[in-house]
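Take a look at the structures listed below.
Next, two complexes with subunit A in common: one pairs it with subunit B, the other with subunit C.
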Partner chain A sequence: MKSLKIAALAAGVVALAAPAFADLVFPSMSYRTGPYAAGGIPYADGYQDYMTLINERDGGLGGEKLKVVECETGYNTQKGVECYESTKGQGALLYQPLSTGITYQLIPKVQSDQIPVLTMGYGRTSAANGAVFEYIFNFPANYWAGASGIVNHLLDINGGDIKGKSIALVYHNSAYGKEPIRTLEELSKKHGFTLTTLPVDHPGQEQKSQWLQIRRERPDYVLMWGWGVMNSVAIQEAANINFPMENFIGIWWSGSENDVRPAGAAANGYKAATFHNVGSDYPIFDDLKTYVFDKGLTAGAGDQVGTAIYNRGLYAAMMAVEGARKAQELAGHANITPQEMRDGLENLEITEALMDSLGMPNFGPSFKVSCGNHGGSGDVGIQQWDAASDTWKLISDFAPVDLEVIQPLIDADSAAYAAEAGITPRSCN
Partner chain B sequence: MYYREAGDFKTSYRKDQQNFPIRFDRVHFWTMMVLAFAVIPFFINDYWANAVFVPFLIYAIATLGLNILTGYCGQVSLGSAGFMAVGAYASYKLMTSFPDLNFFVIVVLSGAITALVGTAFGLPSLRIKGFYLAVATLAAQFFLVWLFNKVPWFYNNSASGQISVPRRDMFGIAITGPEASAATKYLVCLAIVFVLGFIARNLTRGRIGRSWMAIRDMDFAAEIIGVDPLRAKLSAFAISSFFIGIAGSLFFTIYLGAVEVGEAFGIERSFLILFMVIIGGLGSIYGSFAGAAFLVLMPVLLKNALVGGLGWPSDVAAHLEFMIMGALIIFFLIVEPHGLARLWAVTKQKLRLWPFPY
Partner chain C sequence: MSADFLYAIEVLLNGLMAGVMYSLVALGFVLIFKASGVFNYAQGVMALFAALTLVGIMNGEVPFSHLINAMFGTQVHDFGWHVPALAAIGLTAVVMVFFAILVEKLILKHLIGQEPIILFMATIGLAYFMEGFGDMMWGADIKPLDVGLPKGGSIWIEENTAWLGGEGQRFFGFFIDKLDMSATLVAAILVIALTLFSQYTATGRALRAVADDHQAALSVGISLRAIWVITWSIAGFVALVAGIMWGSKSGVQFSLAFIALKALPVLMLGGFTSIPGAIVGGLIIGMGEKLFEFLAGPLIGGATENWFAYVLALIFLVFRPQGLFGERIIERV
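Presenting the complex of A and B:
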């Protein structure tokens, strides 16, 4: 009973120590070190550059400056926990950890601390069910949408019939890599293809045996859920066994310049799913140049501008800022709390007109978030690498995915989570 | 002057055999315990608990466990993280299968299950020694991680292979799960560390501990004087795994709350625990705590000093952290190859003679 009193007292101390909120704080849980830095650096740069742009060009948001608190996680969950604990006291409005492992870590914590988390294209897919996951958002697309988007693309290029085709999935042997398996299994039943799964262990430099198996079995298509150094190794291995690159399709985390460049011309034709556009041919990059790069305020080395993952960081920051803008509008004051930020995200609507006005026309799909749907539209496009011009090209526009298959899976998985964690789903009417 | 046995008379065997025969040690130990149990819980917040105290206490248990095996019994093991994984998954399966089971019972049962697994993997130690045994335990590490990744039964068929801890209460307060307060987490770990530390200390200075040390120092000589190597080695494996299993269980239930086996219990974790043992001091209870403290606290301290104090970019700080940690480890091992425990022993020796050294 003593510990009860102590616990109560300690809780009181913590509550008293809550700090005053000065700026709108957006922690950036980045990883510029370790085996996943190739993906972590451009993302963190893009995220920070967008925030700097808003501060420099618009003087912040509603008169409040945006403050990015960077914390290095090294893609390591323990350091992620440390980062979360050290930044949440500073008035953090929104976390975007860029790591599925850390996201799983944070999901229960943020629900009790009431701070929203946005996991764009990663994290726990069933968090799309906002009735159960009140503080978690994963718009505009998730892994299951990605899996379905890729299969849709395969249907497209095969005239709608992939019966009897064989598909191999090369995946990072972690929560992240395992996510699409269940969806792909359902889709294989529906469309009649055979699925082989080939796990690759962290950090992913060793893939000889997996590719030996692919060379032996010659699947028609290879899908990849990889991250960091695993991607470039896989593409190199595929090139080594002369696997036709146009039949090798990665998820968006396996679709950056850093992944394909090491293989040189051999990587030509490699495809990847994406939920945002590629390249730097948008008005916003002119503003970035004027207000950020030319003033010497660039985050990092500044050599990542316009790359696929830099754009994703930019896109993530845009969502954060628009969510905060909506929150300010709803709350009627500029100095919003994390709870108000959550409301803002839940009422977020990204339209063509909005993206136009932000200087990012057709940068991503247009979608609407709601109480029941935290996952957005889930529209997925396909990009292809052109080695000669050293650029990604969007070869199929953002198209709807097979929600008939995905929605029941989301409902089942979120219901299982709710039962396990003792959550009563709120009603969304 | 203050630190000496002279004048501290013992009038019974009991007093003579107590854990801290010197009054100075005794007084300071109990002062520290009062501080730890009755003062820190009032001031602890989420950051201090989750980034400093809880990981330190959990690693201290794991280090104690490995120290029993490697430091006292001389059997090198590289499978510690694998055994921690056994503890963590045992807790998960027990918690989800028997929701009404008391949390402490679950922790002890997880330790017991790990002890069984550890004993099984300890069997080769009867045949092979040294580097070869290290390789055999390395196999255990990889096998266990592979197993928990491969068989969906261990993670209740969840889509991602992650295990998440369900909430468990005791006396109406949450012990595990996100609602558990910093003070509760800290106190639960501290209480378990206290009990296990007490057990380890007394095991190692008793008959079993002496049989381990005999095996460590020269196994066939020990056999000749009547120590049964089978019992000594397997008991060391069992008790060591019991400790490590409890550490793994707490690592999952109290500290992280959600883990995936490859990331949380990879080979790096095994090496980290081995480094804690080596830096702290082989064959020392105090050393286990010192080593765990050094390797848990230093990175946090460095990070806060470099990023928070000096305002350096987080990536530069992260790289520097590696270099400084490496340099410090080398420095300490050059200055004192027998670890921090030996450094402390030398200090005590000097204190005994102070102020009149000869």
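Presenting the complex of A and C:
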């Protein structure tokens, strides 16, 4: 009898301690403080504003309110893991860590906790292989797609032939910065260009040596995989040596207003790869004004609307919401679980018609996610900085990348991870 | 002359000027260490805070506007005026003096007689506080800074040295950054002014007396607290100059606080107590790291500068533990 009472008491305590999952919870792992806050703030604002819009305009999703639980990581891997541990018990449906370092730490954890992670344009590239990485998604584009997209752009502007051209890669001397090297090496063999790699140590405030080398060797094009202060210094140094800005192309993390504005007019013509559109000339921004900004519900100071990274945050939130919508549809109920959210993401199809209906026509590429392909199409566009109007302009369509080169790399890397982690890839047939 | 030789000279010249930029940061450390024996961990953040304040004043930004707007639902961002660069520099210098007074009153005064490590810890706390305070006061966005300093490579030097390579050589003339030249000039003026101040003014002599022996200086009536305020004010001004130079290059952003990392090997090499040491140390580090990157970088994968600067400093330390110009301290039991 006594043990029965204890068991009943324990059950009661457990029931009381268990969180009540009334909302659809989307943790926002943000960094509003520290040296990278200038990039973290607009992303977090965009993410939260979109979720607020869905709550205010549509009353939530399927009748369930969306709840953003923001946790400050300071772009610090350890703090990011702490954020994950402290929020996962609140019914978290999807994590977007906004840091490659945090992503790498979370991969084994979320695989065992069965909570999906979406890393748009960062993280582990080979996570595109959904057979190995069941809970990791990195659509619509990854670093290797970015490298290929930039090379495709060079092919476009050179009439399809870049044989004999020289390309220098200026990169952050870290795992992130080294990501495109393998792909670029493969592409250099395929297209016959020469590749020079120039590492820049963190944080990248001093790059004179690298730019003197570029001045000496005069490559036809310079690509950049930078972050934070490294970007603005590189663009200033390129301007200093009179390197033609239209031949200087960064990855999307080197393509925000923060990167080009310090160099002023000298940054005019600089390009960057992107997987989403720029500016605020979309119907959704009218809705944001009506339902979010004018109601005083803006996240942050409201001064980041329409910037490159704000749009990325907005786009990331849109993906989360559409994944959840699909999950509700598949599950047949609104209050979905993380596993059901995974199913929703895995069956996500972003079409132009859908983007139109969301008030975001041509905001990003059309693509389809599947069990085996967690990376989407990988389509990449190119944006260019117009210093006079202080705006980015998309100068190309979101075009397909070279999967012939990228897919074998994804397969090899994910197979190596599976072997290392003792994972048997699931069947996606 | 061969192009490779000429490029080595170009790298050397640019290294010297990069070294001047490091020296500007190191100077602030030396001034405070000399006067109070405190290794001021907050020196890099002081440069950031000074530069943030300068841009804020120039652009007429409302301090704490994010906080004000969040608390009162207002939409204030700026006063709608633009302050000329020189006036803004003057006003920022006043802010840095005010900051020095606050540091003395709120921190240093209470730590008189404590171990140097305690004072060092206090400056760590100060650094993190100032970083957050600066963020709250001026926002975390990256702010372009233009005080009218020339930027870009000097076309004149490039055109007038291109002939050195001769026929058939792929030499394009020397590249010298005009901003680096300005920094060199400013650093030279700063060092001359500091030297004149410390040699020929009563306050300067008092500073030197405190630097030599606190107790003896106190015994002849020199106010240690006043000297600390003056020292931190000067270090604040030096931080402002460093902030302007580095901020003009990259925009004023929070990673400016990291420039302190570039000053450490300079201090190890030049000594913590010598103003000429900070300059010469900066030149040696700048020149050494750039030449090493030029010569050895391509062979070992590049990105050698950060670690090589410390290797260079360590080599000097082995032979002169007090640094090139530091005071040799021998304590006998």
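A few points about this structure:
Rule of thumb we're sticking to: the second predicted complex is superposed on the first by the 411 of 429 C-alpha atoms of A that agree within 3 Å, B and C clash if a C-alpha of one lies under 4 Å from a C-alpha of the other, contacts with A are read in each partner's own complex, and residues count from 1 in each chain.
The working rule: contacts are C-beta pairs under 8 Å (C-beta built on N, C-alpha and C of every residue); 3 or more make two chains touch, one makes a residue touch a chain.
In this text the structure is predicted, and so the values were computed from the model without any measurement.
Of the two partner chains, subunit B is the only one touched by A:Ile181; subunit C is not. Of the two partner chains placed by the overlay, only subunit B lies in contact with A:Pro108; subunit C stays clear of it. Within the superposed three-chain model, A:Arg216 lies in touch with subunit C and out of touch with subunit B [touch as defined at top]. With both structures placed on the common chain, the touch criterion links A:Gly74 to subunit B but leaves subunit C unconnected. By the touch criterion stated above, A:Leu330 is placed in contact with neither subunit B nor subunit C. Looking at the superposition, the partner that touches the larger set of subunit A residues, subunit B or subunit C, turns out to be B. In the superposition on chain A, contact is made by A:Gly296 with subunit C only, not with subunit B.
Of the two partner chains placed by superposition, only subunit C is touched by A:Leu198; subunit B is not. Legend: residue contacts after superposition of the two complexes on their common chain; A:Ser232 is shown touching subunit C, with no touch to subunit B. In the superposed model, A:Cys428 makes contact with neither subunit B nor subunit C. The residues of subunit A shared by its contacts with subunit B and with subunit C are 32-33, 173, 199, 201-202. Interface residues of subunit A, counted against subunit C in their complex, comprise 32-38, 41, 173, 197-203, 205-206, 208-210, 212, 215-216, 228-229, 232-233, 236, 239-242, 258, 261-262, 264, 266, 296, 301, 303. Only residues 1, 3-4, 6-7, 9-11, 13-14, 17, 30, 32-33, 70-72, 74, 76-78, 81-82, 85-86, 88-89, 100-101, 104-105, 107-109, 111-113, 124-126, 173-176, 178-179, 181-182, 199, 201-202, 409, 413, 416, 420-422 of subunit A touch subunit B when the two sit together in their complex. Those residues of subunit C lying in contact with subunit A across their complex are 7, 10-11, 14-15, 18, 21, 65-66, 69-70, 73, 77, 132, 135, 139-142, 144-146, 151-153, 170, 172, 175, 177, 246, 249-251, 253-259, 262, 290, 293-294, 297, 301-303, 305-306.
Put simply, subunit B touches subunit A in their complex at residues 41-47, 50-51, 55, 96, 149, 158-162, 164, 166-167, 171-173, 177-179, 181-184, 187, 255-260, 262-264, 266, 300, 303, 307, 313-315, 317-319.
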